[in-house]
Structure formats: structure tokens, C-alpha cells
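So, here come the structures, one by one.
The following pair of complexes shares a single chain, subunit A, combined with subunit B in the former and subunit C in the latter.
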Partner chain A sequence: MASEALGWWGIPLAILAGTLRGSAPFLFVSLGECLTEKSGKINLGLEGTLLMGAMSAYAVSYLTGSPWLGVIVAGIAGMFLGVIHGWLSQQPRVNDVAVGIAMIIFGSGLAFFLGKPFIQPSAPQLPVISLGAWSQMPQVQSALQISPLFLAGVAIAPLMQWFFRSSRWGLLVRAVGDSPDAARAMGISIFKVRMASIVAGSFLAGIGGASLSLFYPGSWSERISSGQGLMAVALVIFARWSPVQCLYASLLFGGAQAIGPALQSVGIDAYYYLFNASPYILTLIIMIVTCSPKRTLTGAPGALGQAQE
Partner chain B sequence: MRNPTFQVTRRQMVRGLLATGAFGLTVKLSACGNAPTASGGDTLTAGFIYVGPKDDYGYNQAHAEGRASLDGMDGVKTSEEASVPETNAVQETIRSMIDLDGATAIFATSFGYFDPHVLALAQDFPEVQFFHCGGLYQEGVHPENVGSYFGYIDEAQYVAGVVAAHASSSKRLGFIAAKPIPQVLRNVNSFTLGARSIDPSVTTQVIFTGDWADPVREAEAANSMADQGVDVLTCHVDSPKVVIETAERRGIFASGYHANQAELAPQGYLTGAEWDWSNVYNNYITMMQEGKTLMNGGIPHLVRGGFKDGFLKLSPYGPGVSASAQEAAEAAKAQLISGELVIYKGEIKDNQGKVAIAGGKELGQTAVELEQMNWLAEGVMGSVG
Partner chain C sequence: MSDRWRSLLEKICIPVGALVAALVIFGLFCALAGANPFGVYYSIYRAAFGSWSSFQNTLIQASPLMLSALCTALPARLGLVIIGNEGALVLGGLAAVAGGLTLGGWGLPTPGVQLGMALAGMLVGGIWIAIVGALRHYRAVNETISSLLMNYIAIALLNHMVNGPMKDPSSLNKPSTFPIPEMHMLGNLPGSRVHYGLVLGLVACGLAYFLIQRTTFGFAARTAGGNVRAARVAGLPVGKLTLAICFLGGACAGLAGMVEVAAVHGRANESLNANYGYGGVLVAFIARHNPLAASLVALLLGGILASGGILQRSHGLPDATVMVFQGIVFLSVLYSDSLYGKLPIFKARPPKVRPAPPMATATPV
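The block that comes next holds the complex of A and B.
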């Protein structure tokens, strides 16, 4: 028998590989949501945006043969949904959470409707960057096949951190999110800043969808996201609205997805429902650890979730 | 300008109504199907209902292909609707197929349609015949215009196991399963027994994903097994597309399920356990055209079968299947058809070492014990609990 079987080493390797493969959608959606929430609005509809992005990327890649064009169209489709959310949620006395839930239903319904003809065909996938050539082991080589979108996401996180901390536009976004009155007194259009933040955030979420359908798992179906968009929105809260922490949290969630299957593949097959639920359990634990009734969350934008007059 | 009291103005009311209407429209749009016009004269109209998309390389595609095989028949019209959930929505679909399309036979292909939906409508429309895929009909309990049909697809999984054992060099096979329910376990066990009939050292690693459709976890399971040296993968999930594609990317063999997935894995596709509903549907329609019905006893209420009755087929062998493997597979298939080969023939141990089927005992395909299977055979790595 060849030296193929990895045994117990398979678990950390699978988690590492799962992290590199599966965290890009979390990363893009959470960065998009981070930007949106920094401006003081919540966009729960990113689950719908993710599905719309996945569908349009797959469809365009299939129809034109160019996966990169698919990625761009996914972003544009996300922006389209973002404009709707940005406009609706800023109407007087409109609750952005309620609009977000409507946008989940709208985005996913639209994606399912338009995506019907693309369930069967196989679309060209994004190229992979192989970083595992140094290893003789096919498992390691396969684990280190990295999506260019993932690398882009990893680069965007510190850039966005810098954007918030050191750039004038970042300051505007933070001002609008923390103290809209002060921002208005400065002569800034709150509507425009929030609209821009929501649209840019939705663009990123759409790209996250492209990563689902064009890299991993690499197929379009109605169950492709399985709630990843919503988890990524929750993830922003315990990443404390910090883009770099969004990156760490996304890596953690991508890895957690791989735990259940990896354990079963080496023969630990008890409690697999529990292990499969690990991303959700992780969410709960982190929420419990980080939340306290005595203080508000540090880092939360001041005007987040407040009704608009 | 905050207004502390909660009042609904007329404008808000209109907005709310518009929003509700738009929501309803979206829901309708996302579940739209095609509905050919009503038939007249001697044309028989049959309605087909699927729970998911009809081109998903899976269960629903197998049924839709069976439906499409009726297109050439004289005197038959069909209407179909895909992605109908197992809720009251299916009752609405059936109603409109009967009232608008004039359907006199309904084929409800998903397990959860039966109770209460098909049963309720069977009472409202006693002249319409309802055929449900899943084999749940009970004599005397259910209305007489209801019938059910199902196939013993584990026969095809047994033959796929024979092929997999020939192709595997690591002697480790992988099975990605949705849930540990009897039908799934029966497929896992038959696949393994087929493989071990060729080489008793072969083992099958099973991973339960916990859901009928969870593409990310299916891909993760396929990758983990490839890392562990598994070199043939098969599955029992709603749509095998992701599993087959991932296996191909990892350069290992794959064996299909439900429908033919050969296009997804031109290199590694071995064969696949497929439903062949075209035969079943053609038989039903022929019987109906001869004037037989469920009500007059011409059509049996419970129709089941395996290879012999034309309920199953194997995907054409892929490039990785050797001549000797093909020979062994065809021999196993022929023995299953002739009845010489009984898959569950004692003594079979489970993977805990206990005797599951005593020596000398033969469980034919109709045996009730097989429909309640809650064990994994020797050679399967995994557990049902």
C-alpha cells in the first residue's frame, strides 16, 4: 500500500485545508458587513447577496467562459442589491433589520429563479495558486491550493483597517456611524456616505458568493451558502468591527467547517452531529464570552441600529 | 420629529399591502413551472411533481428523465412542476394539474408528499389516480386510487461496489451519506458487500453529512477522505454533483448515484447506480391506456423492483474500469437478475462483530428486516449513532 493514508495527521491538515478553502466567503461577507456597520447601518441581506453573487458568477463564467468576468459581475449584482437596501433602509422610520430580512428573501428568491438553468452545467473555475510544490505529499499539495480571491480578501482586511484609521474617507464613514449629528454639522451627506458604504459592502459580499460557486465547493445549487452569509454577519460583532479581526474570525469559521468531516474520516464517528454543528456552537460560545449586560460592546459604532428621523 | 404612538396611516397601509403583494409574487415566481394546455378526447394527461430542480444530476433529474421518455408516446400529455416543497404547496400544484391541465394521473415523486398531501387529495378526487414514489401504500389503510412504486437501488450499488473494488489500489472506498436512515445504510452495506465479494480486505469509510444537501460539507468530506487515501468515492445525497466534481479534482475515482454524472468526471467516473424510471412510467401509462386502473384492480397498488424489473441501470463504464472488472460486474448483475445472487445472505456480521444476519438465512429484497436496517456491515468504518 502506498503511503497515502495520513492517519491522525489528517485532522490538523484537513482543518488547515478547510481554513484555506472555505473561509473566503466568510471573509468577504464579514468585511462587507464591517464596512456597512461602521457607517451605522446593518445589512442582514448579505445572505441573499451572497447567493445572488454565487449565481451570477457561475452563470457569467458558464456563458462567457471567463471566471474573472463572473467575479466582476457577482460584485455588480451585489451592488445592485446594495442600492436597494441602501435606499430602502434610509427612508424615514424604516427599520434596517426588517429591510435586511426582506432582502434575504428577495436576493435568494431572485438567485433561485434566475439560477434555474445553471444548476446542471459546469462552469469554468477560477485558477488556483499552488503553494505546495515543495512537498512530496499529494495531501499537502492539495491543501495548499489557494484561491486568488482568498489572497485578495487577506489583503483587503489590513487595507480596510488602514482606511478606517488613517484616511479621510474612513474618518467620514466612522463619523457618520458614530455620531450622525456631528457629521451632519460638518456638512457631510449621511445618506450618500451610508449608501456608498452599503453598496461597497454588498460588492464585497457578491465577490464572496463568486468564491463559493467558482472555487469551493465550485458549483451552483440552491443550498450552496447554507447560512454562511448570516453567520458572517454575526461574526462582525465578535470581531468588534475590526477588519483584521474579521480575518481571524473568518479563518476560525472556515476551519470549524472542516472539523466534522475530518474527524469522521479518521474514524471518530461518535457525536458527528455535534461536530458538524461546531461553527454554530463556536458562535454561541464567543457571543456568551464577549457579551456582558453591564457594558455595551466596545467598538460598536454609536449610531448602529438607531432609528433615523 | 418622533411620533411615540404607533399609528398606521393610510399610506403605510398601502405600502404594507404592496410589500406583501411583492413578496407573494416573488414566492410564486421562484416556484413557477410549465403547464401545457388541457387535453381533450382520448389523450391521457399525467402530472409529475419533483421536490427539487429537475437538472440537479440527482434524484429529481432521474424522475424528470423518466418523464421525458414519455414524450414520444402517442396519446399522452404530461405536465410537470419542479421545486415543489413538501408542504401545502404540493396540494395546490396537484389541484391545478387536475383542474387546469386535466390530469387524470399524478406522479408525486418525493417521499414527504404522501402523508397527508396525496392522501387528502386522493379523497377529493376519487377518479384521479395518484402514484407516489416511496413504497408507503398499505392495503386497507389508504384510498384505493393511491398506489406506490419504488426500486431496490442497492442492487446497483452492489454492482458498483464490485467495480470499485477492482479499481481501488488502496483498498479503501469512501461513502458520503446524508443521514443514517435504513435506505441509506442499505446502500452503504450493499456497496461494501459488493466490493468485499471481490476482495475481502476492502473497507468503506462512511461520512454522514447530516443533511440531504450541504455542498460545502460534502466537498469537505470528499477532500478529507482523499487525504486519508480513499481512492473511490460514492455517495447518497440529493445531488452528487459536488462529490463527483471534487473527486475528479483530487484525481480519484468516483461512482455515481441517482443519475448519470459521467460528464462531471470524464477521467475518474467508474459507473453509477441509476434509477431507470422511464421503464416504470412507460409501463404505468401503457396499463392505463389499456383501461386498467388502480380502482378496478388492473394496476397493482404496490410496484417494486430491481434490475430484473427494469427499475435500475448502471452508468456506462468509464475509462478506469478494466475488462475484468466489467466482466465481474456484468456477472453480478446477471446473477441478481436471475435470482442466484442474494445480497443479504447469512452469515453477515455488522461492524461491531455481532451477527446481523444468521448463517443460512437469506433475506430477499422484499424482506421487512431490510427496510428497518440499523447496522453497518463488517468492513464499513463508521457508526450509525
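The block that comes next holds the complex of A and C.
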């Protein structure tokens, strides 16, 4: 392995590289979930959206030879699932968490069904931006190869923050999520605003999937997503529904995900599977620490997850 | 009286209608994928219920589904959406193997070993889901997300154990634990290939129904599920109820893991992680968290699962077809929830058919 020459320094370098490579899916899904939850709905089904995005991006990139077209189609495929979720979860007496679970099964089933022929062939990948040219060491160079989608996500996070804080549309989304009654009194269609937020959020989650199949790990298989879509839901709680904090949280989760492989690359593989579970354990610990039965979380949309009349 | 009948009719017609709608949508989907929908329906029917031999496959698939469904259905009575079935099942199976190997090593007779395996599976599965309940009650951690995360942690634990501390060195291609001796395995029902797990599943569903509908414990749980604040005012121990019902649910899923290990696989490996957990979630939701209905729905879903192979062989559809079908059924059933009390046929008004059903009941009484 390349890290051997660096000795123990290989571990932090490999974790850094893994963070830069692996946090883009977390980032996109958590931004999408953040937008959805700001409007007062929860979308647990983004795990299925992520898989659907990964599959369609890979398939389109393979069939047309254009990875960027794949990214766009991944977003559109996500929107398709988002429309189903947005419509169904707003029917009276339908629980949005249950719809989310159903959408995980439906979305991943559809992705596996349509993606079966694309497991073998290799599709053109997204271009890579190299930020490591200043270094002589090949390990550093390869660690600093960054996906253009990651940079796009880093740009979207502050944009979304601005959108919520300063734009008229952002105010509409927040009004619907915090106090639907007041929003209805203002003449806003709650159904339309929530539908738009869910569909836009699913678009982002679909692009997160494209980052899985077209950059890292850069292939399509049924095991390509390992719960990133679900962890993103917890990540949004951790980030207190703030898009910029979603960015930091995604980096943290990407780093946690890289611990297992990084240790394995220097020959520590006794607890390989347990280290691979570290993102889930980290999520659980974060939720235990940040949640409290005595108060609602600061930043939580007022009407989040409440039943519709 | 007639209102009761109408409401019962509504409770039967809406889920059945949802299943029919799901079948139609699935047929359209198959047609789009280039398969003949009627051929697909027929294949599913034949593979699930067509002959005694295929029905036995359905029954074998249904038993872990019944047990795993209770892991969602029981806590649902308390208003909790728990989907940690897969994790509790996997760890229950692992614990059952550990218990079976230990007790078998001590030279216990077969009934003792089997009882020990069942208890070990139930204990570990129960504690696993009780943790979810405790986090919910004491830390207000969302139980759906925590139980899902714990599924991944449980599968990592399984992989760690079968690749490390509990690995049988002779299992090269598929790392597994040491096998349970043949004589300690769960036997089959007389005259069939169906193992005793089916009996365990049916008994568990019956007991769960009795517990929820006919005991003070169940009444307290349903009250707390309806309104936590009112239950607290009434002095119900909500925390203890949460822990107890989560433990029972998890114990059922753990027992499902024990059944899979002790009757099907004979050892723990990654085959344990065969989506019976998520199937159980689906069963519980379709059955509207009623344990008796869950045993019937488990049969139906078991049949669908049993038909996965034939769809691949005779229609050229990928194995994920079954998963798409499950997703469509789930979505359709969820939508049907919004129809209760909305369809004019079931609204209270004097229809002409009214006298018929009450007379039918009047005769036996």
C-alpha cells in the first residue's frame, strides 16, 4: 500500500482523503433533508432517493458517455421519488415517517430493478480536481483529489443559509414549517410549499447519489449506499437545521466513515467491521447527547412531523 | 349493530382494496418492464399457494415474518415507530448460536439446548430494542432513527463476530460460526418440510393479541399510546410500559433470529441478514399493527417472497422485482389509511343491504 512509506502518518492522511472523497453524499442528502424539514415534513426515504440517484447517474453516464448528464438525470430521478413522497405524506392521517420507510423499500427496489444490467460495465466518471500539485508525495496528491460535486455542495450550503435567512421564498418555507396556521392565514398554499421543498430536497439527494456512483466509490452495486441517506436525517438534527452546520457535520461523518479503511490500510484489521460501524455509532452518540426530553431542540421547525388535520 | 358491521366491512374492504390497487400498479410496472402481467400474477400465485409443496415454502418464509412483525406492531400500540427488527433478529440469531453451542457443550439434552437458544435469542433481541425504548423515553431520541442506526450496528457486530471471535476456521468461502449439532436443530412438523418456527410464530401472534386486547397491561399501553399526557396524569408508569413493550417486541424479533438459525441455517453468518426485518415492518403496517392480522399478512408476504425465484427464472425479471412489489404494496396501504371514513359507501346511512348481515349473526346466537 502507498501509505506504508508514510508509516503512522498514513492514518490521518487517509482519513483526510476519505473525508474529502466520502462526505459529498452526506452533504447533498443532509442539505436536501434540511430543506425538507424546514418546511415541516420529514423524508426518511432519502436513502431510496440516494440509491435511485446513484443508479440513474451511472446508467446514463454509461449509455451516453456524459457523466454530467448522469448527474442531472440523477437529480430528476430524485424529484420523481420526491413527488410521490410529497403527495402521499400530505394526505390526511398518513404518517410521513411511515411513508419514508415505504419509500426506502420502493426507491431501493426500483434502483436495484433498473440497475441490474449496469452492475458489470464501467461508466465514464466525473472529472477530478487536483489540489495536491504542490506536493511531491504521491499520497498527498491522491488524497487531495476532489470531486467537483463536493465543491458544488460546499457552495450550496451557504447559499441555502442565505436563502432561508434573506429571501422571500426562504421565508415562505420557514413560515410553513414553523407555523402552518399563520402561513395559511397569509394565503400561502401549504401543500405547494411543502411539495416544492420535498421535491427540491429530493433533487439534491439524487445528486448525492450521483456522487457515490460517479466519483467515490465510483461504481454501481446494490451495496453502494450503506445508510448515508438515513444518517443524513440524524445529521440534520445534529446540525440544528442550519445548512452551513450541515457542511461541518458532513465532513465529520465522512471522516468517521474513513476510519475503518484507513486503519486497514496500515494493517490494523482486527476490528475492521466495528470501525466501519463508527458513523452509525457516532450518529447515535450525537443524538443521545443533543436530544433532551425536557425541551425541544433550538432551531427545530415548529410544526416538524406534526400530523396534518 | 349495522354500524358495527359497516365499520367492520370498511376495515376489511379498504386494506383488500389497497392490495388489489397495488396488484394493478405492479402489473402495469411489469408490463412496462416487458413481462406479461397476468403471467406474473399466475406465477406468483402458483409459487406461493399453487401446490402443497410450494405452500410449504410460503409457510417457511412466513414464520420469521410473523415474529419479526411483532417487533414493530407491539411498540406501535404505544405510538412508537420502531424498525429495528433486522438488528434484533440478527443479534438474536447470534445469541442463539452462542447459547446453543455453550449448552450443547455442557451436554444438555436437546429440549434444554433448544430452550436455552430461544431464551438467549429473546433476551438479546429484547434488550436491543429496549435500549431504543429507553433512549426514546429518557433522552427523547427519535426511535425510528435510532432503531435504524442500531440495525447497521447489529449487522457490523454480526460481521465482526463471524469473521473474528466466533469464526469456524473451516468456513472459508462464507465466514460463519461453528454449526449447531444436527440433533439440537428444530425439527419439522409431522409430514412436512415446515419447521416448528411456524408454531412459535402463530403462538406469539396469538399471545401478543391477547396481551394487547385482553389484559390491563395492554389497556395501559393503548391508553399511553393514545395520549401520553393523559396516561401520565392517570398515574400510568409510561417509562416502564415503554421498556416492557419494546423488550417484548425485540424478544419476538430475536426469536425469529433463533428460528432462522436453529431451523434453517444451522449456524450464524451473513445469510441471517435476509431482509426479514424490513419485511416484518411491512407486515406490521399492512396489518395495522394487529397481531392476528399480522399472521395472515405474513402468509401473504411469505408467498410473495417465495415467488422471487420463479419471477427470475420464467419471466426474466430481476430479483429486486419482489422488493418493488413490496414497496408498491406499502405505499398503497399507507394511502388507503386516508380513506377511512371518507368513502360514501361506508358512511352511516340506511342502505338496502343492511338487514342481511345482522340476521346472519342472529341465527347462531
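Note that in this section the second predicted complex is superposed on the first by the 297 of 309 C-alpha atoms of A that agree within 3 Å, B and C clash if a C-alpha of one lies under 4 Å from a C-alpha of the other, contacts with A are read in each partner's own complex, and residues count from 1 in each chain.
Here is the rule we go by: a contact is a pair of C-beta atoms (placed from the backbone, for glycine too) under 8 Å apart; a residue touches a chain by one contact, two chains touch by 3 or more.
No experiment lies behind these values; they were computed from the predicted model shown.
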{"item": "Fit or clash between subunit C and subunit B when superposed on subunit A", "value": "clash"}
{"item": "Which of subunit B and subunit C A:Tyr216 touches, first, second, both or neither", "value": "first"}
{"item": "Touching partner for A:Asn276 - first (subunit B), second (subunit C), both, neither", "value": "both"}
{"item": "Partner chain(s) touched by A:Ala17 [first = subunit B, second = subunit C, both, neither]", "value": "first"}
{"item": "Contacts of A:Ser122 with subunit B and subunit C, given as first, second, both or neither", "value": "first"}
{"item": "Which superposed partner A:Ala258 touches (first subunit B, second subunit C, both, neither)", "value": "first"}
{"item": "First, second, both or neither for A:Gly267, with subunit B first and subunit C second", "value": "first"}
{"item": "Which of subunit B and subunit C A:Phe113 touches, first, second, both or neither", "value": "both"}
{"item": "Contacts of A:Cys291 with subunit B and subunit C, given as first, second, both or neither", "value": "second"}
{"item": "Which of subunit B and subunit C A:Leu230 touches, first, second, both or neither", "value": "second"}
{"item": "Those residues of subunit A which subunit B touches in one complex and subunit C touches in the other", "value": "102, 105-106, 109-110, 112-113, 116, 222, 226, 270, 272-273, 276"}
{"item": "Parts of subunit A lying in touch with subunit B, wherever the complex brings them together", "value": "1-2, 4-7, 10, 13-14, 17-18, 21-22, 102, 105-106, 109-110, 112-113, 116, 119-120, 122, 138-139, 142-143, 212, 216-219, 221-224, 226, 228, 257-258, 260-262, 264-267, 269-270, 272-273, 276, 307, 309"}
{"item": "In the complex, subunit B residues that touch subunit A", "value": "1-2, 19, 23, 26-27, 29-30, 32, 52-53, 55-57, 61, 83, 169-172, 205-211, 213-221, 223-231, 239, 241-242, 245-246, 249-251, 263-264, 381-383, 385"}
{"item": "Touching residues on subunit A, where the partner in the complex is subunit C", "value": "44, 84, 88, 91-95, 97-99, 101-103, 105-110, 112-113, 116, 222, 226-227, 230-231, 233-234, 237, 270-274, 276-277, 280-281, 283-284, 287-288, 291-293"}
{"item": "In the complex, subunit C residues that touch subunit A", "value": "33, 81, 83, 135, 137-142, 144-146, 148-150, 152-153, 156-157, 159-160, 163-164, 278, 281-282, 285, 317-328, 330-331, 334-335, 337-338, 340"}
